[in-house]
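Below you'll find the structures, each written out as structure tokens.
Here subunit A shows up in two complexes: once beside subunit B, once beside subunit C.
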Partner chain A sequence: MLALLACVLTLLIASALGSKPLIDTLMRLAIFGLYAVSLNILVGYTGLVSFGHAMFFGFGAYAFGLLMQTGVTSLPAAALASLALSAALALIVGALCIRLADIYFSFLTLAFQMLLHAVILSWVSLTGGDQGLQGGIPRPRFLGINLADPWQVFVVTTVVFFASLLAIRTILQSPFGYALRMVRDNAPRAAALGLPVQRYKLAAFVIAGLFGALAGILMALYVSGAYPNFAFWTLSGEGMFMIMLGGIGVFLGPVLGAAIFLLLNDTVTRFTEYNGMVMGVVLLVVVLGLRQGLLDVVMARLRPR
Partner chain B sequence: MTAHLAIADLVKHFGGVVATDHVTLDFPPGSLTAVIGPNGAGKSTLFNLITGRIRPDGGQVLLDGADIAGLAETAIVARGIGRAFQIASLFPSFTVAESLAAAILAHRRQTHRMLTRFPLAAARGRADEVMHLVGLDAHADRLAQHLSHGDQKLLDIALALALDPGVLLLDEPTAGMGRDERWQIIETVHRLWSARRMTMIFIEHDMDIVFKIAQSVRVLKYGRVLAEGTPAEIRDNDEVIAAYLGARYAKAAP
Partner chain C sequence: MNLDAFAGCLSSASCLITQTSAGLIIGMLLFLVACGVTLIFGVLGVINFAHGAFYMLGAYLALTAYQLTDSYLAAVLCAAAGVGLFGVAFDRLFMSRVYNSNVLMQLLVCYAFVLILDDAVKMIWGAEFQSMGMPAVFALRPLHVFGGLVPPFYVFLVAVTVAIAIALGGLIERTLFGKIVRAAAVNRQMVSALGINTSLLYASVFGLGALLAGAAGALAAPVRSATPGMGVSILIESFIVTVIGGMGSIAGAFTAAVLLGLVRSFGSIGFPLFTDGLMFGLMVIVLLIRPQGLFARGSA
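Up next is the complex of A and B:
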């Protein structure tokens, strides 16, 4: 209900104001917000710190773009096929990564992501190499929706964003979601109670990969292309940044983190090219000063002991 | 009477150390047994072998006559062997009620459900029951990490109890507690055992507790079974006195 309300409200406000920069900002917020929330399924709820989440963002974007460029599939079919391929990728990569603990898990995810990045760069005939996908992504009409129209892209993105958030929220509040929290809090104890821990880690990895890929597909639609930096480690790092900034323990924390990140990034780059330094300082202040994300702090204040 | 749980010729090496050295033990149905022995005797290792946390190098673990040695930990829990830990092993960010509901759902294989809301009504009912059994009702909505040490130990036992196990293994239920708290928890344990008549095995260092509630006692030393018998027999066993009890209990014996 709340999600539906928020979705309609966002669309109404945007349509009333109708300003192009606002719509652009909201688009990017929806895309990176979803991306950060999907990463937090792993980091915040399952206790798996993935350093390679951008792999799925990039893979989703490229798979979708390439499928559309073949011209044989409709847009929704291409999106669904890309999601299925991303889930398959997550299943394989996840099965290999979750066998390792802690930092080794993190680094193996990073390694797989850099592998994908290297493939994108070197397989020029398919991916266009460092130039990105060439020639744009065709968007034939489907079901009366014309995604060549930026406003309609915005509406679709907004709807997908809120629907995804609702889906993830539902999953995290279900018995399955609490099984993930058991794994995060105390995996050996969960196993001693009969929970097949590895299977739940893998399921979380696939679900996170799926929504990460969905964010990538939205990004490909938005920019009408796919670029190697979608699968670069900096994007994985930025996902972590958003989570830590906004709050790891609150469902909407990563969305707030994404908003702050995008605003900061836009404002700072207007004044200086050393935006990395400013972001670093902000992260240091939040991490060392608050020791948790912004929404974590707010929730801790609200919750009675 | 055939044993509910039997261990036959069980062996476990850690490198060159023999932690469990051809151990053979029987636990009859509904018995309450204490396992005692000096530090490093292999008591916790024995529990780890029974529950499948570590795999034995040889021998059998028989539950109702079926060999479960070498099975996965999750498969062994499913067969009804529950366990509480020496250091309370909890889910810190869960409330007491949530912890128990989650344990129940995990045991019932219902945690794959993604579209219903946690906790399911049925699990909540059972969680309330278990909370009442161990006397944690008043703390239902407190986070596990905010409980007192004694209540954390109780919650750990309650987690195992929530699975309704036929065999319950308690690794030092009174570890790290003050004297009064100790007797409180041991009374709860004894009450649970009398009410449910499950096969209960506990590791304990406090001999007053052992001699007060255990029906029978197994003594381990250097991974071997040094002695077994009733509390009275153990108290009078010269080997046990020399190896572990010391003179105090020998003289105190009537």
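Up next is the complex of A and C:
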């Protein structure tokens, strides 16, 4: 209900103001917000620190773009097919990665992501190599929706964003979601209570990969293309950065983090080309100073123990 | 995929020699980086994700030192010492604050430093590729071995790395410091309870790992061009090395690094598109059959 309200409100405000830069900013926020929230399913709720989440973002974008370029699938069919492929990828990669604990898991996910990045770069005939997917992504009409129109792309993105948030929220509030928290807090105990811990981890990995790929599909739709840096390790790092900024323990923390990150990055980029330096220092201050995200701090104040 | 070229290379002695020597030097550099990663993880229980950036720093420091002094020896020593000191400072000032935090915090601190170091290098040395060129000492005619050409620098690089590997093995297996390091890998609290200064131990292990990465960067400078962000690929490959060889095993790291180097150099002839896939395939097979790595004692 709240999600529906927020969705309508966002659309109303955006249509009332109707400025192009605002819509662009909101689009990017929706895409990266969804990306960060999907990563937080793993990092915040399951305790799996994935450093390769951009793998699914990039894979979703490329799968969707390539399917649309074949010209035989309709847009929703291509999106669904890309999601199914991404889930299959997450199943395979996840099955391998969850065999390892903690830091090994992080590195293995990172390694698989860089494998995908290397494949994208070297399989030039399919992916266009470092130039990215060429020729744009065709957007045939479906169900009366014309995605050649930027406004309609924005509406679709916003609706998908809020619907996904609602879906993720529902999953995390279900008994399954609470089982994930238990796996995070005390895996041996969960196992002793008869919970198939590895299967829960794998399920969380696939769900996170699915929504990460959805964010990638929205991105491909937005920029009408797919580029190798969608699957580069820095995007995975940025995802963790966003989560850390906004707050790990709060559901909407990553969205706030994505907003702060985009704002900060845009501002810094305007003044200096060395934005990595500035962002790195900000990150150090947050990690070593606050030791938690902004919403975590706020929530801790609101709920004194 | 070019299997004809691959078969042709396998049947020609000169190509075999050339590719083997190229593979060996890739393996040597990988080993130097990987054994730092594995040492630090063994003793401190953290993975230094910024280790690739240390390697990059070593290459750039060597570049500048070489331009200033014209001596390659000075360049290598300067890079190793400089990066080693930087590693100690990094550990004491930043990493030591997140030893007991979760993996996320450790990764983020390292990630922040990768961003900062990449940009610092860009600021100081510029974003373009930079090449040291072959130092004058090694600008000799290549050696002819069974018709294959082997640059003298390759021989030097392999000899130096093997010497370092043996010295490192001796340090870990034969000395008191090595005994403490091995003990800390098993039980850190107990080592601390026995009155060993663990802060000093952690700083020196971190410094040693950083020093090796710096040396690797300096040794790579004549054969690779230096570029900001060059650290990430060697970091990931050295991680694959430690998974295949087994975390904490120097001998394992050496074997796996040589194996990976050979896969890289021969793969680039036969199936350039799938070289990365082949390395990952090796890693996946090891993970499935022997998750603790080929050379690790006990279980992971």
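For this structure, a couple of remarks:
As a convention for this text, the second predicted complex is superposed on the first by the 304 of 305 C-alpha atoms of A that agree within 3 Å, B and C clash if a C-alpha of one lies under 4 Å from a C-alpha of the other, contacts with A are read in each partner's own complex, and residues count from 1 in each chain.
The rule we apply is simple: contacts are C-beta pairs under 8 Å (C-beta built on N, C-alpha and C of every residue); 3 or more make two chains touch, one makes a residue touch a chain.
Here the structure is a predicted model, which is why all the values come from computation and not from measurement.
Ranking subunit B and subunit C by residues of subunit A touched puts C first. Looking at the shared chain after the overlay, A:76 reaches neither subunit B nor subunit C. Applying the stated contact rule after C-alpha superposition, one finds that A:185 touches subunit B and leaves subunit C untouched. Under the contact criterion defined above, no residue of subunit A touches both subunit B in one complex and subunit C in the other. Every residue of subunit A that touches subunit B in the complex is listed here, in rising order: 170-171, 173-179, 181-182, 185-186, 188-196, 200, 305.
Of all residues in subunit A, those touching subunit C in their complex are 43, 49, 51, 96, 99-100, 102-104, 106-108, 110-112, 114-115, 118-119, 122-123, 233, 237, 240-241, 244, 248, 274-277, 279-281, 283-284, 287-288, 291.
Residue ranges of subunit B in contact with subunit A, taken from their complex: 51, 53, 73-74, 77-78, 83, 85, 89-94, 98, 101-103, 105-107, 109-120, 146, 159-160, 163.
Those residues of subunit C that touch subunit A in the complex are listed here as 41, 46-47, 94, 97-98, 101-109, 111-116, 118-120, 122-123, 232-233, 236, 239-240, 243, 272-273, 276-277, 280, 283-284, 287-288, 291, 300.
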